[in-house]
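Look for chain A in each of the two complexes below; its partner is chain B in the first and chain C in the second.
Now for the complex of A and B:
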């Protein structure tokens, strides 16, 4: 009798545990982005977060908006990482989608992220919010620029650039940023 | 008194003390969940632990109970032991009296950092208990009872509700599976041969229980942690009882004394309910049905305040050793009930 009672408890418990453990492989996705540095991944996460704190105009120059487009150079290894990051995500009260596309002359970009190697033509970026991967580069075109401080990633914002783009950033974002003087 | 009865309290403490996993976000989904405030707290350094999601821990703990309290009043063994002829039998003296109770648990835990905010854990305890008794029954003037075996297994999840550079808040929810035996037997003076042993000597609760907790941590110049926890028990087991719920608040202050060693001081306040229902096989058919205080479900639970001291040694990037010793400052027990003298724990943990 004792043995059968123990076995009943054990059977029930094993079933519950098995159900729990079976869910693990489904969520334990293989990381395909091992080659990317942690710093780059952090920058991608910041870029996605920036889109949430910008008051994007409801109508852009071409159509009524339902999507915010982030562009990266097609050779930038972060492109696929960022694309997967924004998949299924929405931003703002209007629940706009976010799309990641290769930066190209014909692409309608709202935000463009450039790595240190990129040398984009400033003339083509007059209506695009530019994020620079390093504060030492893209100084005349970048609205947001990353820098490191004590092994933490920080960002600087150029309010003048923001104003020229006629965009507004939320105070929540600005209070976390260093303001460019 | 019922710290290890069913081993859930031990497990809850074990989970609350599990070291923070060295975990770094790796997948796009994990990064997508992070707020700007959270990103600001992350290190840019590539660490060797970047992809370590699994960890294990091995914890050994022991508690000892000796002497009696009724409320906060100390009672001698003579006052609790009923001796015919010399005194009147009452509801508060007994022909059999436990003198020293030792409870040990060795708990193997395995943890998996599922997502950046989520961690799941499984804990498997091996429980060993022994109780020394005195009695007025011939042939049983002094005797020792021992039980050992697997206790209740706990599955738990920990979710980070909030984090910024200075503070964090986590929620813990567990499910305790009634795997531990509640049918342990031994030779007691109640009758010849083997009989069902009292609640304290059982290895499990026999019920599905829910250990839950909220953990707040303040870091920075001062490292303070506050855990508000409860162990909620449900239903009734096959022996028609349910151990009492336990509620506790624990505060711990931690301070580094070197690059790899932290010392900690803590205070815990707890309340444990009486046992609900009764195992009728423990009773004897007389005017006073309880042969010992530990067979009376009303003589369990009470309030306690404990002070603890401990240290944690980060032996390597992957391995941590911690030691904790606690002693009650105050106990108000539903008695007469054996009082806790001390408890201690040693834990080794490693990320994989």
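Now for the complex of A and C:
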């Protein structure tokens, strides 16, 4: 029952959040979005929400921050979906913008989301918060990993990874997460 | 309301002030309590709401991730934490579309309200506190928190506040009342002393107490003013008291004087008629109670009027004083002597046993008063007549006794000089006769009911008529012909004598003038005038006027006076008589030889004729001493160049002897009885022709 209500709610939330982005794009994109599973869309929304509960550092090595960049494999069908989702959205007190970019060498990513089939080079992810779509993969590099529990999407956090990245996550986020041991 | 107002009016100033202060304090406290209560309630309500809002805020802050990640369980757990707050009835966590995401309700039966009913972030609906709080995430509203709490705490707090404020109010009123009472007692103490002082002054009318003024405030000024006022009043009171004492002593003196004036005769210092009546009534009461007798002596001095008129009122007054002393020296100590008025005295005799007890005293009074009294160089002889009325035989009350004693006194006078007379009831008729006589006398004078008769006076040498004496007669329809001896004293007593004398004088002059017109021999008409007429200030003028009116020569008028005319105020009498003689009027001394005055007046007075009293003439040939007196009078008159006339000559022997003694004129029945005017006319004409 709860799952049903949750799903309904989630669907509505996603629809609401994506309404502005999805109503006017091309029919082709709409069709592509429809091809996404509910779970993928939910994971995309979670990824975006993760950025809200992370205390991003003010400066990085390259410049002062005005934007949080989420990177996805360029072949990941969620790339466009997530991009449209964060379009015009800001996070944090500084109201930083969120940008969704294809993951590539040289791309300055703050958060990278990898699907089940992605096999990124760990050396390149040392300063990037990695979110894995499945807990079974990317165990050594992922800070957040999704998993399902009774048809409910949950996530696990690797506090060690988080610490290595010198990032802090909100306790609000942590209380929802399963802490990796 | 009226009772309340009456009760308020009866309160003292202090209590009124205390009441007003307490009422004002109560009103102030009530207003303050209302304001405080409102403030407390508002604050408490705000506190409750803020508290609730804080909870909502906390829930909102901690439920964001649950909302974002769709974690209903966590959200429900968060709301469930409100279970620790019993007042919280239910809580809702709504998503951005205001759909219930999580909820908590204390009672399963509780109906959850719709979110649409909330108009404000914090409000009270249906006695429940409602707070809703948006759940924000990066300025985006991602949901709402609604918490509803019951307001019993507010109601309880209201009761608590009411109780606290009530207790504060009561305690404040009590403290305020106590402080007011003590402070006002302290402040009003001088005022109370002042009020007490005023009450003391009002009650006792004494101004000797003061209140000490301790301050220089208005009350001190008032106390100083009152003290100053009391000083002034006390000083005035002392002055008034002294003045009052002086007045009281003066009033006492005046009262005594008034009492004496009201009850004692100012001249003789004897009780007056007012006091006598009191004593008489008192004596009657005593006599009635003791079954004893008492008597009233009514004394009237004989011939006092002559003395008073002739010697002057001062001599008369001295005489009355002497008489009073003499009477007082004779009576017993228990008896009362009073001056009834004029020459009348009354002696009240009490505790008598019989009639005979009175007689010696009456005789003693008469004897004592008959002794000569030396006054102003004159030796006066005075007698008294006494009327006696006894209680209870002659009257049962004072007025009756006085009236009957007066009646008896007149009867004594009728008996002659120095007489006393007990009252008898048949005297009342005589008294009535006198009253009737007085009344008829007045009417007769008004109606000119008198008439004159004339008795010729014959010259012893020539036998011719040398004069005519006019004698008054009164013919009353009821009383008949009255003798002058009967009515002239009455006329004198009632004050008609002067008018009667004027009438006689004018009538006689008129008649003499008529005789002369009728051809009768020219002669003098002699008119008797009383001393009172001669002493009248207008006597000469009135006689002159009568002579003018009747056109009678003064030489045809002779005025007969008695020796008593000269007793009083001889100088004035001499002056009047001298004026009359200078007019040509002859002055004759009537009843010569019966008076008491000195003979020296014959030398000084302008008299022309001595008229030997009839009592001597009637005794001629019987008593050699009497004849000697007549001869002496004639010799005296002759030696003084006076003519002499003898009256009451009734027979030839008397006429012959008088002629031989040298008497110039004779008058009497021997020659003619008194004649009417017409008969006198005839007599005169007949004598003329003879």
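By definition in this document, the second predicted complex is superposed on the first by the 149 of 181 C-alpha atoms of A that agree within 3 Å, B and C clash if a C-alpha of one lies under 4 Å from a C-alpha of the other, contacts with A are read in each partner's own complex, and residues count from 1 in each chain.
Keep in mind that, in the parts below, a residue touches a chain if its C-beta (ideal position, glycine included) is under 8 Å from a C-beta of that chain, and two chains touch if they have at least 3 such contacts.
Predicted, not measured: the structure shown is a model, and the values here were computed from it.
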item	value
Partner chain(s) touched by A:170 [first = chain B, second = chain C, both, neither]	second
First (chain B), second (chain C), both or neither touched by A:148	first
Partner chain(s) touched by A:116 [first = chain B, second = chain C, both, neither]	neither
First (chain B), second (chain C), both or neither touched by A:58	neither
Chain B versus chain C as contact partner of A:86, first or second or both or neither	first
Contacts of A:95 with chain B and chain C, given as first, second, both or neither	second
Chain B or chain C, by number of chain A residues touched	B
Partner chain in contact with A:44 - chain B first, chain C second, else both or neither	first
Residues on chain A lying within both footprints (that of chain B and that of chain C)	2, 5-6, 9-10, 12-13, 16, 46, 49, 53, 172-173, 176
Residues of chain A defined as touching chain B within the complex	2, 5-6, 9-10, 12-13, 16-17, 20, 24, 27-29, 31, 33-34, 37-39, 41-42, 44-46, 48-49, 53, 81-82, 84-87, 89, 148, 151-154, 172-173, 176
Contact footprint of chain A on chain C as seen in their complex	62, 64-66, 68-74, 95-97, 99, 101, 137-139
In the complex, chain B residues that touch chain A	24-29, 31-32, 34-37, 39-46, 50-51, 53, 112, 114-115, 120, 122, 153, 155, 175, 177-179, 181, 183, 204, 206, 238
Of all residues in chain A, those that touch chain C in their complex	2, 5-6, 9-10, 12-13, 16, 46, 49, 52-53, 90-93, 95, 170, 172-173, 175-176
